[in-house]
Amino acid sequence: MQTHKAKRVEITIEAVMERRLSEALEGAGVKGFTILPVLGGSGRSGRWSREGQISRASGMIAVVCIVHPNRLDPLLDAAFAVVDRHIGVVSVTDCDVVRADRF
Amino acid sequence: MQTHKAKRVEITIEAVMERRLSEALEGAGVKGFTILPVLGGSGRSGRWSREGQISRASGMIAVVCIVHPNRLDPLLDAAFAVVDRHIGVVSVTDCDVVRADRF
Amino acid sequence: MQTHKAKRVEITIEAVMERRLSEALEGAGVKGFTILPVLGGSGRSGRWSREGQISRASGMIAVVCIVHPNRLDPLLDAAFAVVDRHIGVVSVTDCDVVRADRF
Amino acid sequence: MDGILALALENLISPIILFFALGLAAAFARSDLSVPEAVAKGMSLYLLFAIGFKGGASVAAHGVDATLLFSLLAGVILSFLLPFIAFALLRVLTGLSVVDAAAVAAHYGSISIVTFVAASSVLTSAGLVFEGYMVAVAAAMEAPAILSALWLVARAGGPNGHGGGMEPGLLREILLNGSIVLLVGSFAIGAITGQEGLARIESFIVSPFQGVLCLFLLDMGLVAGRGLRETRGLLRPGLFVFGVLMPLTGAALGLVAGMILGLSTGGVMLMMTLSASASYIAVPAAMRVALPEANPAIYLTLALGITFPFNLTLGIPIYLAVAQAVTGG
Amino acid sequence: MDGILALALENLISPIILFFALGLAAAFARSDLSVPEAVAKGMSLYLLFAIGFKGGASVAAHGVDATLLFSLLAGVILSFLLPFIAFALLRVLTGLSVVDAAAVAAHYGSISIVTFVAASSVLTSAGLVFEGYMVAVAAAMEAPAILSALWLVARAGGPNGHGGGMEPGLLREILLNGSIVLLVGSFAIGAITGQEGLARIESFIVSPFQGVLCLFLLDMGLVAGRGLRETRGLLRPGLFVFGVLMPLTGAALGLVAGMILGLSTGGVMLMMTLSASASYIAVPAAMRVALPEANPAIYLTLALGITFPFNLTLGIPIYLAVAQAVTGG
Amino acid sequence: MDGILALALENLISPIILFFALGLAAAFARSDLSVPEAVAKGMSLYLLFAIGFKGGASVAAHGVDATLLFSLLAGVILSFLLPFIAFALLRVLTGLSVVDAAAVAAHYGSISIVTFVAASSVLTSAGLVFEGYMVAVAAAMEAPAILSALWLVARAGGPNGHGGGMEPGLLREILLNGSIVLLVGSFAIGAITGQEGLARIESFIVSPFQGVLCLFLLDMGLVAGRGLRETRGLLRPGLFVFGVLMPLTGAALGLVAGMILGLSTGGVMLMMTLSASASYIAVPAAMRVALPEANPAIYLTLALGITFPFNLTLGIPIYLAVAQAVTGG
């Protein structure tokens, strides 16, 4: 099957920042993304878990975003403007997609 | 540690198609897959969120499937037969696995 | 944007093993990880789903861990000491990260 | 007419309507108020369980009316028939494609169980009784409309040459849809265990019912509001007119059926409500499988954003007033 | 004998059994009816909270019986003992490996709290009282069986040379299992706050109880049915026989213990039920940690798919009839 | 003094406190007992819905007191003011940075709705009535403190030169926070539908209330306990002293405000409780957006791990005794 090169960006960020991040991504011309729930994790700010939480204050989400390689830089710039001061992690992986026009 | 090349296929698809997709994957000789819940997302069909939904109609799931490279093509063919007319995204990444016989 | 090479390790494992795995990761010097819920899956031990479950016995989680390449081997050794006898899958992908000092 | 207005007004300031309005308003104002998916689904399981069981227990108490079977049959026929009317109206009033129009039509042939519940609450408040088996009629009307919609698409050649052919297994999936199974199952268990069974679980399914319904309608308001907000611009006047005209048309047919069957005033009113209401659980899921090319934003917004609030606020008082006038009840 | 049959029949058409059957049927028919994980867990928290609190409040009301400590001790001994009997039966009746047989045996030494709840509902319906501290006995019987199972594996050399040695921390994890902590904690709080505390939360833990139990059993039917469907072929006749014979054996031992302790008719019946039931919450989780080589499909299907429905339908009426006959109650 | 002690003791052995303690203990013992996020959120929706509706219905029943508006105003002023006091105390007692101190201060200016609910339960048990609109005062006190905290940071130059400037949209987001919207919305609906509306949903929002509160406090104990366990070492003596001193200071100001307003004994006590309590829902979320540099472990642990249990156990009886002594009620 004919595939095309793309980039898979995975951003783990605080749940309260969801709206701001997605607006920034849309601003950077990103055509789509997927938000996954996160159960818990660990990092410099310690261990946390979602169980029993009642507010969105201490939860995180993971946003997965597949883009054409030449959209990567604007995406990272936009994402960093949001993530910068916040708890969170950004990673980028090479991937192959099938319908290239979609990204 | 001794590792082997494999492919990680990530399929984001509507939740109602779960049974059909997993049957197709099994039909293509896939030995295993993992289904992750999806909280929300955005794409050509707009923004959506899982909160408050009562039916499976507007939710999505992400199916992660790690396969031996030479099983990739039958897998993609099978997946596309299902995903084709539907909302969704498929991406493929190179990865390394440890117990090669499992994939 | 300046990026650095890193490894993204994804471990799908039984939920009851969560505490043991995270302790092992911390023991291997891993600075952070993220735990995703898993809805269901399929493998050598058959098909399962999280719906309606009341105990943690038959659920799984996915642990994503981004590390500096030269921390990969101790991480895999530690993870395998836990995963070894258990149901589960480990895969490793190359990725790029921005703030290298964090991993 | 005054009676209708008074009733409508009284209905409008009932807690359930006000909580729906609160949800709508919160969604429009972009509040982050939200109900977790699992809780929303839990409440919908509760409502189906309670309404089914009460219906069954009521059948056990009052005996099986001779009209039960005819009512079921009438429901099935209405559900088959309504999509054709809806489809014709849509082709006249709007510029929707065949596939989109058929998908919308399927929703209006099927029913909304929450509208049914709201209508029966109004009946209970008004001191009117109704046939317990109307719950079974509701279940019987869920699925047939889907077949009509698929037939409409098939006749038109189907989307992208995929044909509108029924995928094997889909019919079974529709009929064994979780909400139908729970509703019918609870009905049967209510009928089997009767008043004795009801006595055991009454304080679970009767007393908290209205309160759960309030929270559930809050959630429906939130979902409908988010949908309307996301799809501004999509709702052209023609669609809007359809969203109000179609329930009235359905109610008229339901009235005819109820009169022919000789139902009680409450029964006639519920038959009208069922025909007037549009599905937002079983049918949307079936459409995603069978007609994925149809735009879900259109049918969900119409059913949940226009017709559901219309029925909840104006429709139900109208149907009650008409049923009372016609049956003299 | 007629009494048992009549009771069994009456029991069979109680709402809780019928909802379990509905869940089973829906799963077999591949309906998409499902209960979200969070809702199922929420209901199980509710049931543990309610049953524990009521037990504690009842102990506060009736005073601590001299037999309380002996009953706890008897429960612990039974839980240690039953796995050996189960293991022996399994080696005779089935071809299971040592590890699989030990894992199954652990489940039968431990208890199922929902079976306990169903049995106490039957007692309440029959107008029989029972010792409030039986809830504490239930909690005491959860864990010991796990140690017996690990010892059985260790004796046989352990799997793949890993030895059956108890991993450090596992015992603590088993004893501090969430369901044990909530059950024992609620029991203690019920005992401390007594009737006054009960009065405050009675309308939360007493009236809706049966209804929640119905929905919970619907879910258990769904999970059991999906398990049975996925593992067709796994359940050879030997396993099936074990799944029915073992609860009867356990009940017999429970009867002896109850008689020696001099419990009331209701207490004897509950002791039989606890011994007869098989765990499906605490033990499966412990087995995944301690004996990951054991196949979970086997023990979950046996406990939830065979023994649980057997106890629910036939077992409970039998245990009640026997307890009444023997204690003359 | 004896009265306070007796009341404190009675309060300490109430089910809600004991369930909070059970949660704390289970978390410290590393039990895996946990409440799913969706269930916890569902319970919090229920509590907001019930408390808001009851407050509104009570206002409808007793008429709008002339002091309603003044009470709202007093609440807003207190909420603006308290962070400055908290900030000053923190700078004296602890070595927290400006940003961390401001973030903590915001929490103490705002309120904890569960503390409010617990206090009103104690009032009801003691047979005291209170102004129904105190719920609206609680809502009015949620947000102003956030602005004070941002101003404190801006004055100090802001973190990393980002300035403490209010991000556009943040104010709206704070005021339309889900819990404020649901509380105010339910209050309004309760006020509109009055006793008639209350009658319809009373058995949902009144009877199960205490029971849900017990389960909810169990969860809060679990979350607080996990927080305290993870952050051992972070809680130096100065912070600990602040966590107890600040609620007493707040209560004193609340007392003054209540007396000036001429509230009933119950009203004064609730005003004290609101001023004494620290937010753990609306403010933490706002701080993550507005002051991400502030360490969440500090403010969550202080509010939930120190001040909340202090208020629940000792604070509430003290506030009641003082209010009774001062108002002569």
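Letters A, B, C, D, E and F name the chains as they come in the text, with residue numbers starting at 1 for each one.
Just so it is clear, a contact is a pair of C-beta atoms (placed from the backbone, for glycine too) under 8 Å apart; a residue touches a chain by one contact, two chains touch by 3 or more.
Source: prediction; values computed, not measured.
Asks: Going only between touching chains, how few steps reach chain E from chain A?
Replies: 2
Asks: Among all other chains, pick the one whose mean CA position is farthest from the mean CA position of chain A.
Replies: Farthest chain from chain A, going by C-alpha centroids: E.
Asks: As a test of understanding: of all chains, whose mean C-alpha position lies farthest from that of chain F?
Replies: Centroid comparison gives B as the farthest chain from chain F.
Asks: Averaged over CA atoms, how far is the centre of chain B from the centre of chain E? Could you give it in whole Å?
Replies: Averaging C-alpha atoms per chain gives centres 38 Å apart.
Asks: Measuring centre to centre with CA averages, how many angstrom lie between chain B and chain C?
Replies: About 18 Å separates the centre of chain B from that of chain C.
Asks: Can you tell me which residues of chain B touch two or more of the remaining chains?
Replies: 36-37, 47, 56, 93-94 - these are the residues of chain B that touch more than one other chain.
Asks: Give the residues of chain D touching no fewer than two other chains, as numbers and ranges.
Replies: 32, 34-39, 41-42, 207-208
Asks: So in the complex, the part of chain B that touches chain D is made up of which residues?
Replies: Per the stated touch rule, the residues are 14, 16-17, 20, 45-59, 85-87.
Asks: Please give the residue numbers of chain C that touch chain A in the complex, ascending.
Replies: Going through chain C, the ones touching chain A are 1, 3, 6, 8, 22, 25-26, 31-37, 61, 64, 66, 93-98, 102.
Asks: Could you list, by residue number, the parts of chain E that touch chain C in their complex?
Replies: Touching chain C: residues 34-37, 40-41, 43-44, 159-160, 162, 179, 219, 222-223, 226, 230-231, 280-282, 284-285, 287-289, 292-293, 295-297, 300 of chain E.
Asks: Looking at the complex, which residues from chain E come into contact with chain F?
Replies: Where chain E meets chain F, its residues are 36-39, 41-42, 45-46, 49, 53, 172-173, 176-179, 181-182, 185-186, 189, 192-193, 197, 200-201, 203-205, 207-208.
Asks: Flag every residue of chain C that touches chain B in the complex, lowest number first.
Replies: 10, 12, 36-44, 47, 60, 62, 73, 76-77, 80, 89-94
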